[in-house]
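Both complexes below contain subunit A, partnered by subunit B and then by subunit C.
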Partner chain A sequence: MTLYLLIYFIIIMGAVVAVISKKLINSAIMLALLSIGVSILLFAYNAPWAAVFELSVCAGLITVLFVSAVSLVKHDEENIKENRVKYVLLPLLLIGFIISASIIVPEYFSKLQIFSTYNTQKEEPIGKLIWLYRGVDIIGQLTLLASSVFVIKHIFFKRKEADNGGKI
Partner chain B sequence: MVTDFLSYSLIPLCSALAIPFISRKSRRITEILANVTLLSGLINVGYIILHYIIKMDYSSFTFDAFTLLMIFTIYLVGLAVVFFSTYYEVENDTNSNSYYSLILISVSAMCSLVMSRDFFTLYIFMEAISVCSFALITSSNSKNSIEASIKYFFLTFPASVLIIFGISILMLNYGSFDFDTIKFTNINFLTVIALSMIIIGFLIKSGIAPFHFWTPDVYQGSYSPISAYLAGIVTKIGGIYAIIKISQILYNSGATYKISALLLFTGMLSVLIGAFGAMVQKDFKRMLAYSSISQMGYIILATATFSPLGIFAAVFHLVNHATFKTVLFLNSACVEKNTGTTNMEELKGLEKKMPYTSWTSVIALLSTAGVPPLSGFWSKVLIIIALWQSGNKYYAVIALIASILTLAYFMIMQKKVFFGKLSEKLTEVKEAKFQLLIPVITISIIIILSGIFFNRVYFYLEKIIM
Partner chain C sequence: MIYNFPIDWFFISILFFIGAYCMVVSKNIIKLLIGFEIISKSALIAVITAGLATNNINLAQNIIIVMILVEAVVIASGLALVVKYYRLNQSIDITKIINLKG
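On to the complex of A and B.
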């Protein structure tokens, strides 16, 4: 239980600092820390595949994308000072949250543990399981990917047009 | 997910992905591809539905009637908007490739959404629809459209957070997202909380009062055909559809009265705020937006009865509202294009110059107000009967009175914009292009026919609740 409490603490700290941090790079790193915490939690609760995806995609790929994007944006971030004095109340809130969460949450997580073993008990490869149970999600993923590509194209096309004084 | 109709969502998706590759040089090829994709789908699904409606023989009917009807409506409004956009061309400022691709992806996502049989799939496609709409709102390069899209973003994406929270509570409670699992399990306190969160999320997405603040700004600020698309179908499939689905799941369980009270109140609030709001508007599109809020309230009222008749009425009013609101918004786009304004104070007597636009508006508004024999009359009568039968008699009376208010504000609009003496500034105005009138006239004919032949439509709608 103490291990879980520690992980919860890391996750919440990561989330809070990611939001209040004024430097984008710090936010990105804290987000990665949060993802690592979540993936450890997923490992602990017997959901290894979800944990691997979380670690590789959220903690790995997304962080690399964020860090490279932040370093591409030329911004005089050096002048911005991290000033968190006004957030002194947050640790107190955090403690309150952790105490209440440690009372309420574990019951549901133990329930989740049952659900996670529900499918893995059948000795089938994960690929087959995903294909059988969530095959339609491929269309969903494809739709989301396609829409995001076209959204970027649609919005940035205009930016280019506006920069050139209305001419493409 | 219902896989019978998978091609209706896959074909637009493939067309959308193909557009950037095959139509780099010519805008015309993009437009042809988008129109042909949606037209072929509409003919296909229209044939299946009309075949049964005309013959009235349902012995060989094995499809999911609700899903099929929704796909038909999506394709109808999608095609009307795409065809209209092809000839609209106010200023050549939209990126045609991504504009048509986004509409096609959105159509595909909506079809997948109505085919989904679990909350998580529903959520994924709803997000895809929201993302596409967010980009489509910015299609005209004006400041208003950017402002509208930012408003849309900040008010509807928190709704997604609520929905995903609700879905995770359902997961904690049942270990499943399936509609069927939830349907046959005893409903407890956590389920009510989860479903309430999901419902509130979808109410925000569909712009129901008291969460309606984004709708007038978005409909007014966005590119005109996109206003028709959003009001016509997106807010319904991306919002109301899920609520009707939840109502369908729950109507035999004991938890309904708790959610029913919440929905009845928001529905009534929406009907009244929409009706009174529409009366005081000076902008044509803004008035239509408030009218949309009011009509969505009716659908919520019918859904809140959690009875088969209520669901029947809600589905029919949803389809009707999609048709007449598309006509009204496309007409407002024609008026905006030809006169350069949507301010009702500056418009007067357009009936002499734009007769087709004027009379199709009259058909649509009479149907909205519930005048027989148009299709809107039947759905409103059914809503009021459903409310009365379920014991919500006060709500039934208010719905009836609000229906008269609807007629009043539309008459005010019609008098200001189309009837009366022609304004001197508008003497040079001409009727909209014939091509722009085709979708409007076609949908008007559908409104009239589905009202006159309601007995045939009734047997089809009966399949939804059986």
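On to the complex of A and C.
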């Protein structure tokens, strides 16, 4: 149980620092730390496939995307005049939320757990589940990937010079 | 396997609160996307916890793989829009995006 509490502590500290950090690059790196914490939690919860996807996509790919986007819009982060008091307030609000949630949430979900139906049969292996039972999801995933490729292609399309009076 | 369903949901609610707070407070669009990412992480832990509670861990993993893909697609498209908007208007402040205002 101590291990789980430690992992959750890492996840929540990563989230808090990602939110209150002033520089966007620090936020992106703390988000990667959060993703690593979540993937360790998934490994601990006996879900290795999800953990591998989480580690490679969320901690790897999305961090690279965030860092590249931050480096492309780097000069603007000082220009946005944000009220930093709101971010400094977060730890205080979080303590209040933790105290109120510790009273309400565990009690409510322990009641809710009674209604859950426990699967007593042996579960199918994940490959069979993906390809036979949830095969339609594969089509959905492919459609999503294709739509994202089209979005990015149309956002960064190359204009001809004659269309815009020589400006690109 | 040592895990505690109510305690898990306690931490999930805290993570959701942090992400929602980030999305409400920040003006920077990249910060908004970071808040979205934190919220989706809390949803991911919720799915795996529900899978553990009902002994359907492989089905939960299956759903998580789809969730991660959706997350990556949303973040990639959102960041592409942010970079394009910055190139056109030299700003990523969400209060200044009023070009489509009627």
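Just so we're on the same page, the second predicted complex is superposed on the first by the 90 of 168 C-alpha atoms of A that agree within 3 Å, B and C clash if a C-alpha of one lies under 4 Å from a C-alpha of the other, contacts with A are read in each partner's own complex, and residues count from 1 in each chain.
The rule is simple: a residue touches a chain if its C-beta (ideal position, glycine included) is under 8 Å from a C-beta of that chain, and two chains touch if they have at least 3 such contacts.
Computed from a predicted structure; not experimentally measured.
Shared-chain residue A:Gly140: touches subunit B and subunit C both. Subunit A has more of its residues touched by C than by the other of subunit B and subunit C. Once chain A of one complex is fitted onto chain A of the other, the partner contacts of A:Ser148 extend to both subunit B and subunit C. Once the two complexes are overlaid on the shared chain, A:Ser71 sits clear of subunit B and of subunit C alike. Residues common to the contacts of subunit A with subunit B and with subunit C across the two structures: 108, 118, 137, 140, 144, 147-148, 151, 155. Within the complex formed with subunit A, the residues of subunit B that make contact are 1, 3, 6, 9-10, 13, 16-17, 20, 93, 95, 97-99, 101-102, 105-106, 108-109, 112, 116, 121, 124-125, 127-128, 131-132, 134-136, 138-139, 141, 171-172, 175. Put simply, subunit A touches subunit C in their complex at residues 1, 4, 8, 11-12, 15-16, 18-19, 24, 27-28, 31, 34-35, 38, 41-42, 45-47, 49-50, 53-54, 57-58, 61-62, 65-66, 69-70, 72-73, 76-77, 79-80, 82, 86-87, 90, 93-94, 97-98, 101-102, 105-110, 113, 116-120, 123-126, 129-130, 134, 137, 140-141, 144-145, 147-148, 151-152, 155-156. The touching residues of subunit A, when paired with subunit B in their complex, are 108, 111-112, 114-115, 118, 136-137, 139-140, 142-144, 146-148, 150-151, 153-155, 157-158, 161-162.
Partner subunit A is touched in their complex by these residues of subunit C: 1-7, 9-11, 13-15, 17-19, 21-22, 25-28, 30-31, 33-35, 37-38, 41, 44-45, 48-62, 64-66, 68-73, 75-77, 79-84, 86, 90-93.
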